[in-house]
Amino acid sequence: MDRVTLLLWLSGALFSLGLLGVIVRRNALVMLMCMELMLNGVNLSLVTFSQQRGDAAGAVLVFLVFVVATAEIALAIPIVLLLVRFKRSMDIDRYSDLKG
Amino acid sequence: MGVIALISAALMLVIREPMRVALALITTMVMLGGIYGLLGVHFIAAFQVLIYVGAVMVFMVYVIMLLEVREAPGNTRYSRFLVPGVTAFAALVGVLGISVFRSTADVLSAPGAPAFSLTQFSSAFLSQYWLEFELTSVFLVAAIVAALAVIKVSRRAHG
Amino acid sequence: MSEFTMGPTLLNLVLWLPMVGVALVLLAARANDGLARAISVATMGVQFAVAAMLYLQFDATAPGLQFATQLPWIAQWGVSYLIGLDGFNILLVLLTAFLGPIVVLGAWTSIKKDVPLFHGMVLLLQFAMMGAFVAQDLFLFYLFWEAMLIPMFLIIGMWGGARRVYATLKFVLYTAFGSILMLAAVIYLVHTMQQSSGVLSFAFDDLYRAQLPLSVQTILLGAFALSFAIKVPMVPLHTWLPDAHVEAPTAGSVILAGVLLKMGTYGFMKLGFPLFPDAARAFTPILMTLAVISIVYGACLALVQTDIKKIIAYSSISHLGYVMLGLLSLELVGIQGAIIQMVSHGLVAAGLFLLVGMIYDRCHTRELAAYGGLARLLPVYSVFFMIFTLASVGLPTTSGFTGEFLALMGAFTAAWPAHLDGSNYPLVLAVVAVTGVVLGAMYMLRFALTFLFGEVKAPHHSPEHPLLDLSWREKSILGLLAVAVFALGLFPNGALQKTELAAKTYQSLVTTSRVPVGSPVSQAGVTP
Amino acid sequence: MAMLPEHLLLGGIVLLIVMAVLGRGARSALWVALGAVVASCTAAFWLSNAQFAAEPFAGQFSVTPAVLMAKGALLALAVPVLLMSRTEFSDGEFSILLLSSLYGLCLLPSSDSFLVMFLGLEMLAMPVYALVLLAFRRPQSAESAFKYLVLSGAASATFLMGVSLLYGATGSMSVSAFGPALAAGDIMTRTAVVLVLLALFLKAAVVPFHAWAPDTYEGASIPVTAYMATLTKGAVLLAAVRLFSGVNASRPVVDLLMVLPLLSIVWGNLAAIKQQSFRRMIAYSSIAHAGYLFYAFLGDSAGRMQSVLFYVIAYSVTNLLAFAVMPQNDTDDQRDSLDALKGLYHRNPFAAAMIAIAMLSLAGLPPFPGFAAKFLIFKNVVAAGYTTYAVLGLVGSYLGIYFYLRVIQLLFMTASETTPGEKEAGGAARVAGVLCLVGTLVLAVLPGWVLGGM
Amino acid sequence: MPHTLALIALLPLVGFLLNGFFATALGGHRANERVAAIVGCAFPIAAFAVTIKAFLDLQAGGFVPIVEPLYRWALIGSSVFEIAFYFDRLSAIMTLVVTGVGSVIHIYSTGYMHADKSFGRFFAYLNLFLFFMLLLVLGRSLLVLFVGWEGVGLASYLLIGFWFDDLTNAKAGRKAFITNRIGDAGFLLGMFLLYRAFGTLDMDTINGAFLTGSEAAMIVPASLVGLLLFVGATGKSAQIPLYVWLPDAMAGPTPVSALIHAATMVTAGVYLTARMSGIYMMAPEASQVMAVVGVLTAFFAATVALVQTDIKKVLAYSTVSQLGFMFLALGVGAYGVAIFHVVTHAFFKACLFLGAGSVIHALGGEQDIRKMGGLRTRIPVTFWTFAIATAAIAGIPGLAGFFSKDEILWYAFASAKGGAPWLWGMAALTALMTAFYMFRLLWLTFMGASRMSHEVEHHVHESPISMTGVLMLLALLSAGGGYIAIPHFLEAQIPLPPIVENLEHYEHTLLIVSIVLAFAGLGLAVFMYGGPPSRAEAIKQGSLPVHRLLSGKYFVDELYDRAIVKPLVWFSDVVLLRGSDKLLDSSLNGLASLAQRSAGMLGRMQTGSLHLYALLVMLGIVGALLWSWRHV
């Protein structure tokens, strides 16, 4: 049970937690945050590995993830605003008109 | 530190108030940043704190405050997939955990190389990963356009 | 230039003329309907003329393909555009071309809406059917085979009767199911052949050399047979036929009965049995049983129908049973009989459906009980009706007799030695099949009795507005068919000579085993 | 030079942005974008014909003739999409977003490292979120955009997780590390591989990761749906091809490649039967088609690129054909509902015929290209020895025939009921339609020639 | 002259075509009745003339069979199916009878069918019949014979249903056709068997092969072939069990009954058997069966004839009975005798039918003999001719019937090929009954007081010369026909069977007996019907159940209907149509609806909830990973 394994396990747990959050939380913003959590989990493992390997690639990817995550949020927030504008609610369960 | 990160992450799912959720997330992130620091990749830690906590979460918090949408009282904070979700979650954690624990990859047992410095990183970034650097810029441009478009749309929908 | 350099060109002409017709019809679609009709009948006429020319030029004594064209098409897959005439398809090609103009003329007045599209579809169908007959490359054949569905789907679905959509969907889905499995079989067959012999080709002649272990042959034959048996159709895969026939417009029924059903039997004769001879021989008893069941079953059901179109539909099932019987007998007589029976049924069923259509156009009901004494009312009509009825019953001097007689004779001559060797089953089947002759008389004469005799009874008929007897157009198309029926009944020899060689080829192909000596290639349906 | 197509696209983007900033020529934006796409497409074809191969960024990005051909083909498919958009989108954003998405698309097949591939995927998807929202006709658009965003975010996360584990196991970000990892015995490696594969499944909407597709497709507007159904999917598949290049599927992923695609074939074809919305129906059909496409990975790696590309082209061309000729209507809902197609033949024979052809081709009935494409894939599957699954897949595809025929039945065999606002598709769209028709015919008549080109 | 025989057959065909196209509704009645009559009669008569010519040729050739190939119908592999004609003593006799009797009946019909609205159609059919009948008797191969065989069936179908406005007539026609078809099925099987053995259907070849006992003949049991062909014969020649159609066939115009259902067509079976005698000589079992069936048919038909009241029905049953006699003769190997009886029977039965026709014609369509009587004076010609024919059939010495029937009885008794006393006994009894019911018929019709209603009686009139002339001619033949010693003429070709030794001396005894029987029948009839009706009535009352059974024709028709027709229809309707077909269909529809339902289910799974989708993703990942571990 050394450090690396634990960190990896932690990252996996964070990743799963994020996904779980998307499943169980109904608040749109919270869901977004949970996605961020997933990405953070991934980052953790990336950093761990890149540090283990002493190789920059992982770090670079982490950097990219930062960028992407930022962009996604920047894009997601307005969409959420748009949603809210219609039903005065963040409850995602209210937004299930598309089905069947 | 990892423990704290984990706990606060778990808390995210339990707390009702979006604001507090955000705070929990921030905690997690900071903790992670701390871990990165301990690992020795300080600049990543810095980025973590700057970009995430500094930019993203601030933005998030701002938005939360902006639209003070009170959830209609009485409706729970959980979707009806709580139970299956949690079970699946447990399974997933288990699976991932096992795949890590039972793995025979040398990297896990390796002592771990000396942490590389910011200069190494940036030089690598600008030489070996120059393409990515370029692409990132392109990507950002696209992202901005997209964001603008969405905002424009929402404005149109508004007016 | 000499005929033989002309030949291939002519055959391609026969194949592609309908497409030219389609193009012209589409161009003329904006113009009046008459033009569309004229174009399609003209195209069909020319096509028949050329086909007849080829028939006359066809050298009965020369083995192999004639007037063949081969162009590489999808080289990567070993697919080539390979068409040609041989004894197998010569008569059917002629039949198809012959029925073409008749169908168009038959639909002259009865189709009133979307006339250009209708003729476009008929021509398209003609093209596909012709292609399926002349194709000598399995891929090409499959292409045409499937392509037939689409125009037929529209013909039934757009110009059909009340439950047309149900009927046409049933028809297409039913047939498509068979073809899907056939496709799998085709792929597997070609792949295996490539593995075993290194030859990558879809050409029939190459496939005839494929060596397959019995188990593989069985599975593949199963897939092919399913698809063909649905088209024939053989009991118990026949339930699409009555609906399709009843709902289809006259032209549709005529094509369906006249040519489309022959696809199934042709498939068996050209592909099913010759490709997998050992499996075919192994399963002959079962298939023969099905054939006999079809004969009796169809006849029995025709006996109790109250819908005049259904009577003929079920009679088709019965008649094609004879074809299968003849093919399975593996006796030269039987095979020849089967081929003649195919053509004969094409002519007779076409005639009967045309007659039914003509009366339907006049009286707008298909209820048998609604009619009576038409012999008094429409003498000419009745005479033609009698002729085709008797041909369907298989009265000597009509084509029906030639076909049934030879087919049954083949079945019996095949069954007798088996009986002497102590296995009576084939003999029993042959005898049961012969009872079909009696049943045939029963249901057709029941039809004729209620239809033609007794006191006059017909919807939309009143002394002041009597039904009109056949017009010249109707007379002439029925006359043509009748002439063909009698020609084939009285002087079948010419036709028989053209097909004799093919029949012999078929016989030898099916009777010589092609199970590979040594280790069998990989078993079908097993994933490594 | 090697990135000429990408550069051309980028140039287009920049030019458009400049124009937008100067606030001029919203009209001409389309034509600029068109020009850029056509240019880069021709560039790709030209390079590919010149047998050009290069590796400008070692271990990051490389091109081969085949890859260039693929890029060219997909870019060519983008042309009708642009044309279609003309009636829908007045302003330049659409063009910019589409181009940037295409840029991402171009990265995928020639990415050598997961970094590039990740960026490619993101750049492919990111603009589409906006695009879905762009023609904001009804609130559902927002919903569908959100769903798409969240789930494809999850997809990215999954992809990254897999990548990072793989990185940890192999110590390299190189795509070529993926192939060997397939057979690796180490459990972490295996997990990594599976996660990456699942991420692709999620992007390509394979059961059970398909759920976002119907909602998103329905919420988006026709050109965007068309784009997502054809090009996005195609790009993801090309990425997959890139990943699997040179390896034959082996345990354990082969099971996933057999079962999940089969599942989505059946699921998609069945679920499509009862749909009332055309786009939703197409969504389900696209789920089924994703199934066929992943079947191609069972086949030998040599022919994989060819079969996938041919299938994508055939499938996309006919799909776009249907979308292009779809008549316009007052509201998006009306335009979308299948009832609007009732008796269309009597009002607009050309459109009806085109849609019918498209449906038949999608159903995989000969002689239309869909058939040849299916044939090729199943041929390879059989050749690889997975006969049983080939048969099952074919039977599954049989299930699909019904709902395609149902559309034809609506077009031709039902009484015509016009909705007041119905108009013929716009001129540009019709041009797109004609282009697609030509493509369809070429594919139908000369498949050999096309395959020879690949 | 190369194609004499073909000419014989084709002449009537031409007549058929001409009349068919110009004298019917088909041609809009372009030709009037007179023209139709001339055309209709000219061609048969011409055919008759040509036949005589052919016969003379045959004679000139020393009765060496004339073979006249026409064309090749089919050549399949090595086996040839040739359309060829064959003319020897046997076919010569038949052809003469067919064309001769045929011609006179045509002439008769011109009078009888006068003013019928489809006069032309009638003659067209009649000519068509002659054509096929001639094919039948002239054909060399069984194939040609079969063509004629089925052709005459068609003609009779058309002619029985000639007045098709009345559905019962059409039904009778259909019954005839289908019953014949049943026989034909057997015939076909016989043909197949022969083809299998010899690869040909030429009858002379086959006969030769059997007589010489070639090894090919060994493959097929002669008895089986014989029986199968006999099945065909029972259909065509109305033997048990397939005789039921013949009585109904009387629905057709009387000349038709005379020509087809008495003189010619129904004897086709007899001709076939005689023609294939080569087989039957090798097939004692088959012959035995034939003899038994024949004598039984004769007996039962006679019993039924005893009580019939319809003049044509009586004659019909007597025909069946006489055919029974012929098969008896065939069964005991006396083929020549059978043919002899065919000829004489053709004469007197034709005469009887035409006479009956004349009566009906005179009475304006009345057929019930209980409503006749006393016509002797009113229509004398008819009466005398009818009387002569009656005497002939009853076997009054000196007349045609006497000779042929007596020979049959004799061979039935003494033939070494299956003759037996009990056969003779039955036959003799039948002969007695024949005499009785024929004279009963004569008496009830012509003698005694008139029982006609007044308006009928008012315009009773003798038939025109065209009819009476024919009657007289036929009466003459029935009287003198017996002196043509046909058996001996045929003996050169088909030998008569040897007589069991130590039975020769019975010949004269039997002769006496049969004469006695004939007169006994006469006497009995006169006793019963000559006197007051009460006497007949009393006897009838005395044996009421028997009478009901007989007048009900043993209820065979009802039996067949209940045992065969109804079950078949029921089976097809209930079991197949409503049963299996529905089952197959609904099972498919079931599958379709299953697909529909599952489609609905999948649709409902797409709830639109993002949470669910995410859950699916998670489950998918977990599942996939776990699955991927199967192979660790």
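Here the chain labels run A, B, C, D and E in written order, and each chain numbers its own residues starting at 1.
Quick note on the criterion: contacts are C-beta pairs under 8 Å (C-beta built on N, C-alpha and C of every residue); 3 or more make two chains touch, one makes a residue touch a chain.
Owing to the predicted nature of the structure, the values given are computational and were not obtained by experimental measurement.
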Other chains in touch with both chain C and chain D: E
Identity of the most central chain, Cα criterion: C
Furthest chain, CA centroid comparison against chain A: E
From chain D, the most remote chain by mean C-alpha position: E
Pair with more cross-chain C-beta pairs in contact, given D-E and A-D: A-D
Centre-of-Cα separation between chain E and chain B, whole angstrom: 102
Distance from chain C to chain B - Cα centre to Cα centre, in angstrom: 69
Chain centre separation (chain B, chain D; CA means) in Å: 30
Distance between the centres, which are taken as Cα means, of chain C and chain A, whole angstrom: 64
Numbers and ranges of chain B residues touching at least 2 other chains: 79, 81, 85, 88-89, 92, 95-96, 99-100, 107-108, 128-129, 132, 136, 139, 143, 146-147, 150, 153, 157
Where chain D touches two or more other chains, by residue: 115, 119, 122, 126, 129-130, 133, 136, 146-147, 150, 154, 165, 168, 171, 187, 190-191, 214-215, 275, 402
Sites on chain A at which at least two other chains make contact: 8, 12, 15-16, 18-20, 22-24, 26, 31-32, 48-50, 52-53, 55, 57, 60, 64, 68, 71, 75, 79-80, 82, 92-93, 95-100
Chains touching one another, given as label pairs in label order: A-B, A-D, A-E, B-D, B-E, C-D, C-E, D-E
List of chain E residues in touch with chain B within their complex: 609, 611-612, 615, 618-619, 621-622, 625-626
Contact footprint of chain D on chain B as seen in their complex: 95-96, 98-100, 102-105, 107-108, 128-132, 135-136, 138-139, 141-143, 145-150, 152-153, 156-157
Touching residues (chain side chain C, partner chain E) in the complex: 170, 173-174, 236, 239, 297, 300-301, 303-305, 332-333, 336, 373, 375-376, 379-380, 383, 390, 395-397, 401-402, 405-406, 408-409, 412-413, 416, 420, 430-431, 434-435, 437-438, 441-442, 445-446, 449, 452-455, 490-493, 496-497, 500, 504
Of all residues in chain D, those that touch chain C in their complex: 345, 349, 360, 365-367, 371-372, 375-376, 378-379, 382-383, 385-391, 394-395, 397-398, 401-402, 405, 408-409, 412-413, 447-448, 451-452
Parts of chain D lying in touch with chain A, wherever the complex brings them together: 113-115, 118-119, 122, 126, 129-130, 133, 136, 139-140, 142-147, 149-150, 153-154, 156-157, 160-161, 163-165, 167-168, 171-173, 214-215, 218-219, 275-276, 280
